[in-house]
């Protein structure tokens, strides 16, 4: 790697040369001779598969490396004029928070659960000499700037009382309060829903402009980085493999990313494999006392869900967390007792089945849960886990079951060692594929996958998709795909349903609902999902506020409180819109919005 | 005769010198404070209510009796008795009535004079069953107490006996002007019981149950002001802690030192030892009735030859030496050597394992089980022994006896039971052997309750082993009703010979207690059965006074 | 929050009632009765004992006795203690403060020192000294506490005469305010012997909790904000790490009240443990029942205080009952 | 005995293998005591030689009845460990039953069971045992073990209830139900193995609590019945002169301390395994 010897021409803020980080336990260095410069006011994205060393780079710059990791003597880090690698601990501490701001990935864990939000934000100022009173007022200021409607109440509240998005906003406030020169954001929005992620990234961009902060943005999702940064570095196995402008990086990435092409079969006529009519799911939260007002608060998770899936068909369910997609899956599988509606599998009403017949029926309808990693029994090896799928339904016993399990795991591209490993020893991508293998073991007719492609890297994504499509082609496997990976949905799904607050608000045969969404929420959702093309971001309609989960749904359209549609009127809040075809031309594209029929 | 200990003779000489020499300066240096360290609290402060040793100690310092047996402990007739609240007494012709003249200068601590009604009140308190007085069974011979006039009372007896005066000495007058208003049976829970007004040489200052009791000297007492200004009983539940306080001079007296601590005392110059006679004897008692059905005789132990064989298989001397070194002597019989009526010439079955084995073989216990226990007709020779857990000595004795019986093929099971449960189990008779023990008084009247036959009215209440021998009972009866001491002793000797031949128990040991007292006090002649009664005559050596000995401010 | 406390109070009352009822029955089942005289003294006649049992109503069926006892207690009348010769209420009133003094000092000592050491051990896990002290802690926890007590009594008190052998104050020593140093002098050994094992346990718990918190994200976030190590430990780490220790403290406080039986016995500290042991051995029915009532109340209060402290330490608990 | 033994704080410094080896050694010694012991623990060779300090003939000295302390210690291990193991079995089964049913029952059932547990916890364990011992007279070794077990299950039941609740709410259990695993197999293959590390930790912890309790009881004169030796009654035999008869206190205390230390380290090993499973199973 070339070392920039002479004084930099432009005003460079951050200069890193030959940065090498070794771990006491692992032979290969985590970072091997990484060098780059970042000019003042610019934005630099860092991408790469998980475990490539992205976070280690960020932590090394702010000298936050955990015990057991050490930086080689030859590495140099310059911030403006100062040589950070030469500073002693106290001098470095003075820089952290004042000149370098840091935003972490997991908002839920990065806030002290026992301390109020206000005091944590103020602390960033206080530790650098700002007197307590002034630090408190400045914290309130910043809480307002990051979008808290009532800053004073937010300051008093505790982390567990806020949603994921709100917590991340508080973290950004605590990082930006002293308007540091450099802001490092390590996967700031990976844990958030698309629309919330979009709002937070917009906030970050706005604050950056106002305080002229230089941004180092780390993410495994190239699309997000490409839209938000001018320049992108790609890191693999601790080395920089690519360093170019965002647009060039996206083009190269698109070419590389091969998605197997499928022909979308037309659904066979006749009785559908699964028919769900008017499904209703309700959770009751018991108050403290079995009597009195606060006794029970009911929350309708799913209302009037109609759905049918034919053999071999792929139906996609799109929506953000809290929209009821997981509750629907649980209700269909009878893991949760629905309050109403019927679920017919091959004309058989699952609700009326006794325990044993229902259990035997489960062979034909399998689930890949949302957090697949957590769905594997911790003390069973992958092989035993998958083999159980066969044994439980009498398809194979003992050794043959285990052999078949190993074949299935191999089919999903999992190396030999995975079969004998327990979940603890597997990466999240590997665990995801073991869960899928387990669901496929009983050779089901219908597979319900909840976010099967989230948090797995490119290569394994492709393998999962190929396996699913071959099973569909050869065995007529039907698929209920719950995901907001629009690329995959557009390629696989023969029908798309969009859910919001427990109701289907738009659905279409083919991907019309996603390509030309007519419902304002769907438009916002589609727009929020990064495609890597910065220009597309411009015509985005911003949502207002957060998902009102707990407040009881109003009589009218449930999206009404957050809708920014120009034609919004009192009808929206008075009367609940029906699911009506968009127009005579598209009989198969329905939408539940009084004003969706006219183009926006 | 108990062996007078050489040092105590010197002490009495020094005492006399001190009394003559410098009575003057003794006053302002104060009589000192005596702290009695004990492992058990005084359970009550009134003589009729007390049961424990601590209770006797405190109540007998707070209250005076009419008369008191002298240092020689001669309980026969009235020659050996000293006057207390009763200045003088006279016998009726048929010697069934004793008339006492009360000392006019004797007063209660609240100033009231001690009058005839007080004696009657004291006697009534003993007779009231609900008070549960332990002296009730000892005063059954007194029929009634009559008030002749303000300062004279007459005591009427049911029958003539050699120990009538001793019985009278068990009655402690109570202040009638305070006690008569208390309803029958409510004495123990009355305010008076918690803050008694006494006639003794000390009065109660403060009491903290299970912790400490503080007494102070009564200045104008009719028998003169006592030496020590203050006496305190301090309780430590753990005996080792109670004794440890002697070595650190946090306490002055501990009355029965375990053998190992006697050796330790030698290393502490500030502690003096007093060896005296004991009034407790411990034995391994046989149950004559079948524990499973007390109406039937005991299938095994009812046969005296077997009891004798068991007695012969126990090496008493080595057990006593192991437990007490030289501080106890093998038991002499159902009495202690300090009791005048005792007979030390009795011959008990000697330790002879071979004879024991031969006897057991002769009795048919020939076959040996796997563990060496003898068998007869399919039944193993197993004996269940009841042992009181709180008495460390008896628990260790049981372990030693158990091993010795194993030697001759007898399997003894030790059943350790805590204090309260021991009394219940003893009376229930659900045992074959019992490691029992009795506290005695100078008079041997207690033997009627402990070994007297149950058939005899009022006798044998504590004879839970059901030993019944008409010859023994008759001899005892004759002894108690004879007037002069010589004939009484003759009858008792016959009774003791009879019981010795019956081998109702193995007389294990009689402890010769050694008490430890701080050396700064010069002691009067030590009364074995109640040392505290002469505490008033202790003299403090002014040169070795401690901070706590300073004369207390007028309280 | 308030509703949570109300519910807990109701449950607590149920617990106390349950404890007193069981122990009331248990002591009745024990053979021997309060009127059995001491071991070898010539005992009272059966008639006398029957008379005394009748007077105190001990010959009635157990259930009836309990109902009468419960109504009396409701009226604040705890009955008469035979073994101490005073009303039970007086006995308890005199004993509770002494127990609280010993248990309180030991408790505060144990938890302040314990948590401090534990936190320090957890924070610098690598240092050899931290590991060594943890080893010592484990050994201290493993020695039966009465062996500790006896050795403490024999060594410092007897052999080197540094401390008094037992009891609460020097006989006829100074009383009132002047007596305080003397009282403390008596308090040292029993309190230390009691505190040492608990401190060792508290330290180990705190150490574990600190290890858990040390690598938490919010600690790294605080460090990223430029907070100093001491500030991170005191403001962030310690408070979150206190949660398991507080839970243990709640349970431990309750076990202490009656549980110091052996320590109070060896050091002659007239606390609840010594009182209960004596009462049980003397079959002093009302005293046992009264003492158990007090000790279970203390347990309930102890757990409740711990719960409140938990709510302070962990705001997430505040919502749920 | 008021305090329970050490709670399961992870002790990364020490590895459980050494501790497990120690526990196994103790069990072997207990079983093979007759072959190791130099003489019969009940034999009283010569009553003159009581309270003898450790010497060539008696490696660990003699006690109040001139019996060889070393053989009593070895035989005693059989009694003490036997009692502790039996007590653990009792407290473990009771604790698991109460804890698991409380977790499954929820609502009223749960509240009732938990209140009973609190009540038992409120009562000082040592006094509870003394009360029952006073009641039933001198307990044999067997009934003493049952008694110690019956008064020690409370902490286990709380631990099991908490852990069962967590397990029932985990994703992997719901996924297993979705897979079609029958109830019985759910219990045996998924729930119980999940509980195993916690149960093991609880078992070893109550073992570590039972050993000192038996010793405390013997100190108060209520422990194992004569003539059976146990570590507790050897110490109690020092009969209030621990400094003079130091060997009667020192060696059994070492034995007890080693047992309790080993038990604690092993318990922590299991507790850490349980935590790791919980972390990976309960959502990364």
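Letters are used for the chains, namely A, B, C and D, taken in the order the chains are written, and counting of residues starts over at 1 for each.
We adopt the following convention: a residue touches a chain if its C-beta (ideal position, glycine included) is under 8 Å from a C-beta of that chain, and two chains touch if they have at least 3 such contacts.
All of these numbers come straight from a predicted model, not from anything done at the bench.
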From chain D, the most remote chain by mean C-alpha position: A
Of A-C and C-D, pair with higher C-beta contact tally: C-D
Distance between chain centroids, defined by C-alpha means - chain C, chain D (Å): 22
Centroid spacing, where centroids are CA-atom means, of chain A and chain C in whole angstrom: 51
Between chain B and chain A, distance of the C-alpha-averaged centres to the nearest whole Å: 89
Computed distance of Cα centres, chain C from chain B, in Å: 39
Contacts with two or more other chains, residues of chain D listed in rising order: 134, 137
Residue numbers of chain C (touch at least two other chains): 30-32, 158, 265, 277, 281, 283
Chain B: positions in contact with at least two other chains: 238, 240, 390, 418, 420-421, 425
All touching chain pairs, where touch follows the definition stated at the start: A-C, A-D, B-C, B-D, C-D
Touching residues (chain side chain C, partner chain D) in the complex: 11, 14-16, 18-19, 22-23, 26-27, 29-32, 125, 131, 134-135, 138-139, 141-147, 150-151, 154-155, 158-159, 197-198, 200-201, 204-205, 207-208, 211, 244, 248, 251-252, 254-262, 265, 273, 276-277, 280-281, 283, 288, 292, 295-296, 299-300, 303
Residues of chain B that touch chain D when the two form their complex: 238-240, 243, 258, 260, 264, 315, 318-319, 321-322, 387, 389-390, 392, 395-396, 398-400, 402-403, 406, 414-418, 420-421, 425
Footprint of chain A on chain C - complex, ascending: 3-4, 7, 126, 215-218, 220-228, 231, 235-236, 239-240, 313-316, 319, 321
Residues of chain A defined as touching chain D within the complex: 330, 333, 335, 355, 359-360, 362-363, 366-367, 369, 371, 373-380, 388-389, 392-393, 422-424, 428, 435, 438-439, 442
Complex interface listing, chain D residues touching chain B: 42-44, 47-48, 50-51, 64-66, 133-134, 137-138, 221-222, 225-227, 239-241, 244
